[in-house]
Amino acid sequence: MLAPMAAPPTAATPSSVAPTDPLGVAGSDASLRRFLHGLPGVDQVGVESRAAGLATRSIKTTAKAYALDLAVSMVDLTTLEGADTPGKVRALSAKAVRPDPTDASCPAAAAVCVYPDLVATAKQALGSSGVKVASVATAFPSGRAALDLKLADVANAVADGADEIDMVIDRGAFLVGDYRRVLDEIVAVREVCARPGGHDAHLKVILETGELATYDNVRRASWLAMTGGADFIKTSTGKVQPAATLPVTLVMLEAVRDFRRATGRMIGVKPAGGIRTTKDAIKYLVTVNEVAGPDWLDPDWFRFGASSLLNDLLLQRQKMRTGHYSGPDHVTLD
Amino acid sequence: MSRDRTRRDADRIDVRKTYKLYVGGAFPRSESARSYEVTDARGGFLANASLASRKDGRDAVVAARKAFGSWSTRTPYNRGQVVYRIAEVLESRRDQLEREVREATGVNAGGARAEVDQAVDRLVWYAGWADKLAQVVGNANPVAGPYFNLSSPEPTGVVAVMAPASPLLGLVSVVAPVITTGNTCVVVASQPHPLPAITLAEVMATADLPGGVVNVLTGHQGEIAPWLASHLDVDGLDLTGVDDADLARDLEVAAADNLKRVRRPGPEDLAADPRLDRMTRFVETKTVWHPVGT
Amino acid sequence: MTEIPTPASPFAYAPAPESTSVVDLRTSYGLFVDGAFVDGRGESFTTLNPATEQPLAEVAAADAADVDAAVKAARRAQERVWGRMPGRERAKYLFRIARIIQERSRELAVLETLDNGKPIKESRDVDVPMVAAWFFYYAGWADKLEHAGYGTTPVGVAGQVIPWNFPLMMLAWKVAPALACGNTVVLKPAETTPLTALLFAEICQQADLPAGVVNVLTGAGETGRLVVGHDDVDKVAFTGSTEVGRQIARAVAGTRKKVTLELGGKAANIVFDDAAIDQAVEGTVNGIFFNQGHVCCAGSRLLVQESIAEEVLDRLRARMSTLRVGDPLDKNTDVGAINSREQLDRITELAAVGEEEGAGRWAPDCALPSTGYWFRPTIFTGVTQAHRIAREEVFGPVLSVLTFRTPAEAVEKANNTPYGLSAGVWTEKGSRILWMAERLRAGVVWANTFNKFDPTSPFGGYQESGYGREGGRHGLAAYLQEENR
């Protein structure tokens, strides 16, 4: 990092208490701006060509088996529709716990991701399975609401037992350079994520990279979110195109790698939206492995926000197990 | 007849000019303190020209290298103006040069006038090329990828030039293209006809041409040329004025030591309209790539 | 900064070897002269797979009589057929060749990797597509020469001698423009990588290219000397070492032969403190470890601004630790085999000199195969312009790291070499890029990128990196007579 590196190293272990501003860069609006604009630039052609290179990795046999199980265990199985119902969420939860009913060796998904009003339903359905409940909040997906409404949205999900909160940043404020406003909002949400007895809800900060438009902005927004205390940085809501792309995720993986080098803290990364095939997922895992490093090859540190991806992973698992191609009737459609 | 040309009064003794070398903008004698007799077309004494040594050649290369940095980075517009200025000053001294050409070669007055006319016109022609060559020989290249890609000519560096016997037009024809494109040069003037070369040097010295851009040596081609051909700080070699095929080959062999760009001698009508090849021989195509992205 | 140890990854990529079944290797190969394969009169030689040291095939060597026969065939074909053929018809043959190269791309890529040792990833994604593109590009010039500014008269017979680092690509760079301009060629591929040129000869047969237009003579240096020295060759094109380039320049002195030479380099890759640092590191890695560093324009000197030197080195080491060195046929291999024992010895020797001269040597701790020719991607730190590894072309995966303080110092150091093939600049400041690009004495300047090639883009050096340009409109100049310029 070309940014200040004064922070003392600390152990890289998951922590539910994320200190805000570990680098001491947010003292003033000006210092925050200087810091973010002092981050090294990202060359679009260069980063896209690096991502394309990583995408040519050929992952076969044992490596593929490992990648498939890892990817399944990283899926935040998501439903974010106006038409969502308790029934739909219960079905999805069952699928998350046991993605492939025909194969006991298949790992569970990481989480079920729903709107706040369905958190309680999901929590109940998942019980003690270990599968987390994630809830989008803060006037998802646009984030265009008054702060107190956004915080109430979060508080509601936290009160209903959400393990993880996926908030959206104020892209409008970011694009006009009002980084302070974005940061303050993240910090405020983080406070609402706290639970008196511990077990704070983990905070995933959605950058909505499709609206940030440039990789320079993606890098800055990543650092801004991490400075605000994000546990995870997430690409997209899934409601804006383009959603997750490999190069955007690569830039975010570089950011968490560099943040760890600067502060000792590990932050997770979650690409969301548009990742539908095993082939895609494996490209992401290769990128995690070679850019952020193997430490991130864990559902605690990397997730896929997806819905249809899981079934493709399952079909591929079945193909590897049986030696022949499977079909959509052999995976469950919830 | 020639030595008394300025006589108005039979009683007055001429002040003759000493013909010296032109190196780094100054007019030194050869460090060897040698000279050789230059005669007119009928064998009459004209002057003692400096007989340059290999060390003069070395000094000239140092001067040319020193001048290269600023000359090559001047704007082409500016270089064009300087070359045009040489034409202007040459025109203003045409009487002297016509006389020197006539004396050197024995051509009649009309022939000498024509040679000076052509020399001036040639300088004007090249002057106009300074800011156009890149447009004609450069390229925007449509590469298959998100990259800006541009090729443009740049001067090769220090060029050693063996001037042809044609004492003025020949000299201008080989020097003008080399310096118009931003090179600097060390010219070995025509051995039998060196005097117009030194007068041209005086023209250049008073035409805003920076010292060292053109350096003129007079003397024996066979003595100086091998040192220039093998000199590792010389980038190009123009053999136009080398009539001896064996010498030309030997010089080309020597030039291979640092892979000089070599222009071989060959039949050429210097009176004909020039082509681009004298400029393009001593330019390098540089291609710059840059990604296109946000 | 926190030192983060690199743990062993649980994500171990399983071997992913490309199948060699697509290649039909013969036990022995002849010369390709006048449209047919014939026995060579010289003593045949063995070409090896440098990754295994196993023989691939016996290859004929051309002697003086073979060279004479090939030049005669080329002359006949040039005068009677190819030189007279309308450009639009020549174009169709070249388009045909481009298409067949695309059709047989996998076969060409695998054979190139077998014979050369380069990763299949590169032969498949870089070399072979570039070869097809080169023929496609120059095919289109064949009937448009009057618009190119170099006249339309072919030179005649071209003798072309190419190196082992990009056997097919260098063939394409030489053969495509020569043929487009109406010349015929006698091509001498490198001794250690003759096989794809012979497969190309087969492609010429499939394309029904008239006999004698392309002749391929395999052999060692002596065969090359005979081609270059043949009296009836009008044009010599060579890519290879500066030393051989000098010999060729001497050999053709005093003749009428036109020459283009594409020789060595010692390129500086200059990284400023405001660079897009991850891409700069990536470009540095690509600049020196692409094709095992067997690249004349390789960025073998990293000039990094002193203020960020440690930062860049940390990132560079981390990135190098992810390079996968090994079986060139494995689709995940990033760095393949050194092409020959001789080249490995040269790299080994120069690296040892670097250590003796006090530079700090570092290479990632990667396992190397037990047979074959291998060299770990290596960097030397604390290098100065006085070190041999900063001056001599290593032609291997060895990077010398130097520092600078100001733009002017960077230019001065970058230009402080007899070579002048390429240079790299990394900065986010546009005006500085152009300032640097103007001052760097190199035929190609890559700004915020490195090692990019394209058939439309001229390539070639300043100074002792040779003369002439290959690629683009400029690439036609070498193959057309100068009378009309």
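Going in written order, the chains are labelled A, B and C, and every chain counts its residues from 1.
The criterion applied here is as follows: a residue touches a chain if its C-beta (ideal position, glycine included) is under 8 Å from a C-beta of that chain, and two chains touch if they have at least 3 such contacts.
Please read these numbers as outputs of a predicted model, since none were measured by experiment.
Engineer: Name the chain whose C-alpha centroid is most distant from the C-alpha centroid of chain A.
Structural biologist: Measuring from the centre of chain A, the most distant chain centre belongs to B.
Engineer: Going by C-alpha centres, which chain is most central here?
Structural biologist: Chain nearest the centroid of all protein C-alpha atoms: C.
Engineer: Taking each chain's centre as the mean position of its Cα atoms, how many Å separate chain B from chain C?
Structural biologist: 38
Engineer: How many angstrom between the C-alpha centroids of chain B and chain A?
Structural biologist: 70
Engineer: Would you kindly tell me how far, in whole Å, the mean C-alpha position of chain C lies from that of chain A?
Structural biologist: Computed value for the inter-centroid distance: 43 Å.
Engineer: So which stretches of chain C touch two or more other chains?
Structural biologist: In chain C, the residues touching two or more other chains are 448-449.
Engineer: Going by the touch rule set out above, which residues of chain A reach two or more other chains?
Structural biologist: 43, 45-46, in rising order.
Engineer: Do you know which chain B residues sit against two or more other chains?
Structural biologist: Counting only residues that touch two or more other chains, chain B contributes 145, 147, 291.
Engineer: Could you list, by residue number, the parts of chain C that touch chain A in their complex?
Structural biologist: Per the stated touch rule, the residues are 1-4, 6-16, 121, 125, 273-279, 282-283, 308, 311, 322, 331-332, 428, 448-449.
Engineer: Quick one: in the complex, what on chain C touches chain B?
Structural biologist: 133, 149, 242, 245-247, 249-250, 253-254, 261, 263, 418, 420, 433, 437-439, 442-449, 452, 454, 456-460, 462-464, 466-467, 469, 472-474, 482, 485
Engineer: Under the touch definition given earlier, write down the residues of chain B that touch chain C in their complex.
Structural biologist: These residues of chain B touch chain C: 73, 136-137, 139, 141-145, 147, 149, 151, 156-157, 232, 235, 245-246, 248-250, 252-253, 255-259, 261, 275-277, 280, 284-291.
Engineer: For the complex, which residues does chain B have touching chain A?
Structural biologist: Residues in contact with chain A: 145-147, 291-294.
Engineer: What part of chain A is in contact with chain C in the complex they form?
Structural biologist: Those residues of chain A that touch chain C are 1-2, 5, 9-10, 12, 40-43, 45-47, 50, 56-64, 66-67, 70, 254, 260-264, 285-286, 289-290, 293-295, 297.
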